[in-house]
Amino acid sequence: MKKITAIVRPEKLEELKDALNEKGVHGMTVYECMGCGSQHGWTEYYRGKPVMLNMIPKVKIELVVNNAQVDGLIDLLCEVARTGEVGDGKIFVYPVEECVRIRTGERGVKAV
Amino acid sequence: MYDSGSTAFMLVCTMLVLFMTPGLAFFYGGLARRKNVVNTMLMCFAVIGIVGLTWVVAGWSFAYGGDGSLSWFGGFDQLGLVGLVSGMLSEAASVPADAVYPSLVDVCFQMAFAMITAAIVTGSVAGRMRFGAVLAFVGAWSLVVYAPLAHMVWGGEGSLIGDVIGALDFAGGDVVHISSGVTGLILCVALGGRKGFGLKSYRPHNVPFVALGAGLLWLGWFGFNGGSEFAADEVAALAVLNTVVSSAAGLASWLVVERVASGTPSLVGACTGLVAGLVVVTPAAGFVEPWAAVLMGLLVSPVCYLAISRLKARFGYDDALDAFGCHGVGGLLGGVLTGLFCVPELSWTGVGGLLYTGSPDLLVSQVLGILVTLAIVVVLDLLLVAAVRAAFGGLRVSERDEALGLDVSAHGESAYPAFTGLDS
Amino acid sequence: MYDSGSTAFMLVCTMLVLFMTPGLAFFYGGLARRKNVVNTMLMCFAVIGIVGLTWVVAGWSFAYGGDGSLSWFGGFDQLGLVGLVSGMLSEAASVPADAVYPSLVDVCFQMAFAMITAAIVTGSVAGRMRFGAVLAFVGAWSLVVYAPLAHMVWGGEGSLIGDVIGALDFAGGDVVHISSGVTGLILCVALGGRKGFGLKSYRPHNVPFVALGAGLLWLGWFGFNGGSEFAADEVAALAVLNTVVSSAAGLASWLVVERVASGTPSLVGACTGLVAGLVVVTPAAGFVEPWAAVLMGLLVSPVCYLAISRLKARFGYDDALDAFGCHGVGGLLGGVLTGLFCVPELSWTGVGGLLYTGSPDLLVSQVLGILVTLAIVVVLDLLLVAAVRAAFGGLRVSERDEALGLDVSAHGESAYPAFTGLDS
Amino acid sequence: MYDSGSTAFMLVCTMLVLFMTPGLAFFYGGLARRKNVVNTMLMCFAVIGIVGLTWVVAGWSFAYGGDGSLSWFGGFDQLGLVGLVSGMLSEAASVPADAVYPSLVDVCFQMAFAMITAAIVTGSVAGRMRFGAVLAFVGAWSLVVYAPLAHMVWGGEGSLIGDVIGALDFAGGDVVHISSGVTGLILCVALGGRKGFGLKSYRPHNVPFVALGAGLLWLGWFGFNGGSEFAADEVAALAVLNTVVSSAAGLASWLVVERVASGTPSLVGACTGLVAGLVVVTPAAGFVEPWAAVLMGLLVSPVCYLAISRLKARFGYDDALDAFGCHGVGGLLGGVLTGLFCVPELSWTGVGGLLYTGSPDLLVSQVLGILVTLAIVVVLDLLLVAAVRAAFGGLRVSERDEALGLDVSAHGESAYPAFTGLDS
Amino acid sequence: MKKITAIVRPEKLEELKDALNEKGVHGMTVYECMGCGSQHGWTEYYRGKPVMLNMIPKVKIELVVNNAQVDGLIDLLCEVARTGEVGDGKIFVYPVEECVRIRTGERGVKAV
Amino acid sequence: MKKITAIVRPEKLEELKDALNEKGVHGMTVYECMGCGSQHGWTEYYRGKPVMLNMIPKVKIELVVNNAQVDGLIDLLCEVARTGEVGDGKIFVYPVEECVRIRTGERGVKAV
């Protein structure tokens, strides 16, 4: 089992959800976060004073999946989340050692 | 000398009606999505700035200037409010015996009406219209549509709707609610729906703000309907009482409708019902008995509920915050019901409602008045929309800006930068 | 002719008192937990709908109808406000020389009192009572408890508490605060505590909303106490001044108490002290000198602080938002202190306070009046609670719904769907 | 007998002006950082408690007591408002023929002015001043600076600024805005900047609250300027009209400035412009024609914009919420422009503005009045600051408390404990 | 060392905290998140229009613990967080390579 | 590649961001969370009743970096985030298996 996390633009969330649903991925958890990276954010003004926003609101999507699904999902996520402009975000993959469905106590792959 | 009691009353009512526009900013702002809060509220606030200026420059003159010879327009003689203060100074010497309060009060009271009416319109366009185009539209609209319409309904002797047709409109069913609601409808059709409209559903981002807005509107509306008697007397008291009981009835019946339709009475529902009850009683406030006001409030909520939940889905226009579903529909219903329930002795024209007189005269006038209002508003609106569209090269923001939200894209300002969250 | 100045004043005061109910929705809503915000606020808003209707149907008649022959009840002659408008039309011809303002104003002014009183009650039941049961209770309560009590205190000649006993209640210590506070206490005892009460502690979810509510209540209360003079005169001015200084003193002394007790003066504390100062001065507003109003404000905060922080813990009732601790206790104190500080020349009965006359007559009347109020309220409340419990098969929501929060479970509506966060 | 209409008007205006202080708590509270919301709002609320008491104890007497023989101070004869009620009772017998309303009203109306003025000051010190020191400072300031200044400007015959110098100040340009703005400046210089000032930039944590505060201030200001005519008459109406159009113009021109300077008109900008428009018209409200009020509003926004965005950066004082940039600068401009635009017939002294008379007399008086105000305020403020600093052993909280935020460190209370988020 | 994360119903948080405290687990970090899975959420209504909530508020509890504690804690979490209805949530276990206590600079197992 | 997460006091975030920027670390993601540990929080009062806050607002900084950077960054984070008082927080290090830059599709170390 692997955990895929994608840090993406918040306005892409709806589309990503739809795309994942279509692929039959139902289990997912979403976090709000703030990111900085190559993207420099936008400037807001407060009473004439520029305020540089170097932390930009992002969304992290977390999917725990079977090893076989990883590559397909990375491609899907990249495709949907990409705008081509700086700030599109990153995908990270981590190992998962165990998975338990609380309701049933099931463990491992069938609990994903 | 003026009657200082009525002067005091009219000044305070003016203040309360002015306060409705910030109130509406919260009603609408709470209903908006989180990414469009600043834009939604700023449209209302900007109306204060714009109509405040257009009214001084020409609106007052177009609506209430002139010598009363035109049935559809005031005049050009009071542009820029010239002569207002010198008139007041010379008038002070010889106040007519029957003058209730200084005419200066009216300039401000009627300005407050122009502001709130223009602000109502902005509810339909939330989340997708260019800010500059909104400002240009409401500024022009206040001069070209609102001011003449106010003259036609409230211009006294010879005015088209109020006198020739003989339609009654106590505090602004035609002038305020039908005109703004229908304009909202036209604008939202011209704009097209928000991205995902019909597929995704939107929720209000801040329900307590909706309640705050409703509460502030409620307060302001007491001045709106009470002040439309233009004196501190028993009819003003009746208008206030009717306003309260109709809004209470609208609130209650909306909760009942929700209980039946979805099982869960909601706070946004209660606030919507309250406002619908206020709208419906507006043309009738000083004309009907309290039991009739209660009935009007009980009726308006199911009607608006159907309009909002069924009509909109059926015809697919994206009236984002329901300016039409609430104000347009409620105003229409109120105008018609006034033709039924108007107490003859209270009627400005002496003509009473069907229920008292058995004659459909008033009802016919009311319907005619509404039809004329609709015709005028629709035609002028279409011209204005075309003009603004041409001037700005389109009414809508880009798809990307819409997705990002207008707050950041058009105003460089997040409503709640220190709070985490997402529009859902 | 009526005095247009006093008519204007009473109409505006009416508007301000009406506005207190939405104001209270914020005071209570801010104090609520995040998952119960909609429910808490909707209880107040629904009161507008319900009492708006019950008052028209029967409340006004029960309180102020009849021929004044009953010491504890108005009458049935004004059910549905029939005859109100025809009375007004005929009256217009021959206004009695000493009439200050049209009687229509009173219908609305007193309705506003009935609304806010019923709304105060809902603070005790926050977070666990079935919504339908709340509505049924407050509707019935406004007719069965509030209206007769208003008659007994303010019914004029022959009324039980106001005339026979001779207790003074300028703007509603007995009628509004003691009655609602004690009813809150009875309801919260009948309901039992929220899950985890006593173990977990709750914090207000939105402190600025508490401040907003307090600010709106403050404004409304000026109309509440000022309008209870029923004329725009020097006593009205005194009542407003006393209201301001007592609330200021209550705010200040609450901050001092907190500074001493916990080291940190807080905004919720300031707002609570402000409201306590308003409550305590309500029965006395037009009867006492400003220095006495200051003293009353300084005293009420420590008393309410103890009631809320000690009594509640000691006796273990879960008065969630302290309707009893604030309104019940503050009202009791204010009623008693009126017996000390009432200036004889300002007293409605001519009987002055102990401090001026040296005689305990008024003090005894005040205490007696409070005891009778308590007795009536407690007995009727217990009957009502039993009736509502029977009708709804229980007063409380399920444990699961309580844990999930009433907003989602009872209203299908989250207050702030776009914000992340947790009740802590 | 008193004029009940003007009494009603003044009482309602009093209520509205009182309501400005909670309104300001939202204007400031919304602008504050999330971790300092409670502190910022509580400073305003605490002013209600403190000035409510100081005004009763001595403020009224210092400002309006005495026999009028001192040009810079009232007297000691009305300490504690003694004799107020007995005066009212005896007065009731023989009201002077020309009395407009009971003098009791004035005590409360002027108290409301003292409250809002002291509250404005707190905007400069947000986020770093010890709470106890704030309270001590504003309490003393209301007695030592505000009350005498009110006497000098509005003390009638013989008063230093109003009579001897002959400066006009309709509703408080000198007394309210210049005095509070300059005091804010002095305090923020004395305190030094917040940690990171100049490097980091702060954003308002809750933009809708800023709009709410602006809306509430707008409403209150109608009472503030309208009530400063002290009668319900045509000049009151003019003052209200001017207040509306100047604020509308200020709002509009701020949006234009932002559109030009940064490309994005914002809601905080609109609200700031609205308030600036209110400030600038305050000294002039009943003296100028509506077109002049529009002009004043159009001018004030660019001036305040420059003061806030350039001056502050240039001189490096951390006027956190721009009490000086908005009230100080706007008040100065308004005072000077009054000298240009005052209509002679409306002037209290009969001396009109340069534009009408061609003579600079009034302009000179205005400038002189402002200079004297500045001198008095600066000197007394410096003494007060030194005294408070000595008494509290320093004005600032510790660095750690500042970083953690004053809400938790000074008040043990988080404004929104159930919401997630960070100051950015 | 392992990281145990449990995604659970928000209304279970208090109970879980109490249960963990009783077991002597003091260090823990809690995140708010939104999840979708087999559970379909509830329907809210906005002016008569149904709004399907497919993202449901959840809470993630994160515990870094020694290997030996893992199984006992999984059982405990399952027991307390279970209601038996869809939406009870999941537990995931991840490997942790290092742990540092910032205050003292301690590392590894004793820093947990 | 490793993921370093530091759970720290919110008031330290600004300083940490500046320090990381100086070291040339630009990519980072920040989460808000609530923690409990040895620190006992503060007591707030609500109308005279003490309310113990046992969950304290914290901030989690997440950095995905190359293996070589890990030790230097841990030292830097410790140094800046330390106050010496209980509640300074913890740093955890996790293995990362893959990293993708959505905008370009780059993978692995050069996508970090």
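So that you can tell them apart, the chains are marked A, B, C, D, E and F in the order they are listed, and the count of residues begins at 1 in each.
In this text, contacts are C-beta pairs under 8 Å (C-beta built on N, C-alpha and C of every residue); 3 or more make two chains touch, one makes a residue touch a chain.
If you're wondering where the values come from, they're calculated on a predicted model, not measured in any experiment.
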Item to check | Those chains which touch chain F and also touch chain B | outcome: A, C, D, E
Checklist entry - Can you list every chain in contact with both chain E and chain F? => result A, C
Item to check | Comparison of A-B and B-E by number of C-beta pairs in contact, larger one | outcome: B-E
Item to check | Same or different contact residues where chain E meets its copy chain A, judged by the half mark | outcome: different
Checklist outcome for this item: The distance between the C-alpha centres of chain A and chain F, rounded to whole Å, is 19
Checklist entry - What is the distance, in whole Å, between the centres of chain A and chain D, each centre taken as the mean of its C-alpha atoms? => result 50
Checklist outcome for this item: Between the Cα centroids of chain C and chain E the separation in whole angstrom comes to 45
Item to check | Set of chain C residues in contact with two or more other chains | outcome: 3-6, 8-9, 12, 203-204, 206, 212, 262, 264, 266, 268, 412-414, 416-417, 419-422, 424
Next on the checklist: For chain A, give me the residues that contact two or more of the other chains.
Outcome noted: 31-32, 34, 44-45, 55, 94-95
Checklist entry - If each chain is a node and each touching pair an edge, is that a line, ring, star, complete or other? => result other
Checklist entry - When you check every pair of chains, which ones turn out to touch? => result A-B, A-D, A-E, A-F, B-C, B-D, B-E, C-D, C-E, C-F, D-F, E-F
Item to check | Interface residues, chain F side, partner chain C - complex | outcome: 34, 44-53, 55
Checklist outcome for this item: In their shared complex, chain C is touched by residues of chain E numbered 10-11, 13-14, 32, 42-45, 59
Item to check | Touching residues (chain side chain D, partner chain B) in the complex | outcome: 3-6, 8-9, 12, 16, 33-34, 203-208, 211-212, 214-215, 218-219, 222-223, 226, 231-234, 236-238, 240-241, 244-245, 247-249, 251-252, 255, 262-268, 270-271, 273-274, 289-291, 294, 343, 345-346, 416, 419-424
Checklist outcome for this item: Within their complex, chain F touches chain E through residues 2, 6-8, 31-38, 54-55, 58, 60, 70, 74, 77-78, 81-95
Next on the checklist: So in the complex, the part of chain B that touches chain D is made up of which residues?
Outcome noted: 2-9, 11-12, 14-15, 18-19, 22-23, 25-26, 29, 37-38, 41-42, 45-46, 48-53, 56, 80-82, 84-85, 88-89, 91-92, 101-102, 104-105, 107-108, 111-112, 131, 206, 209, 212, 216, 410-421
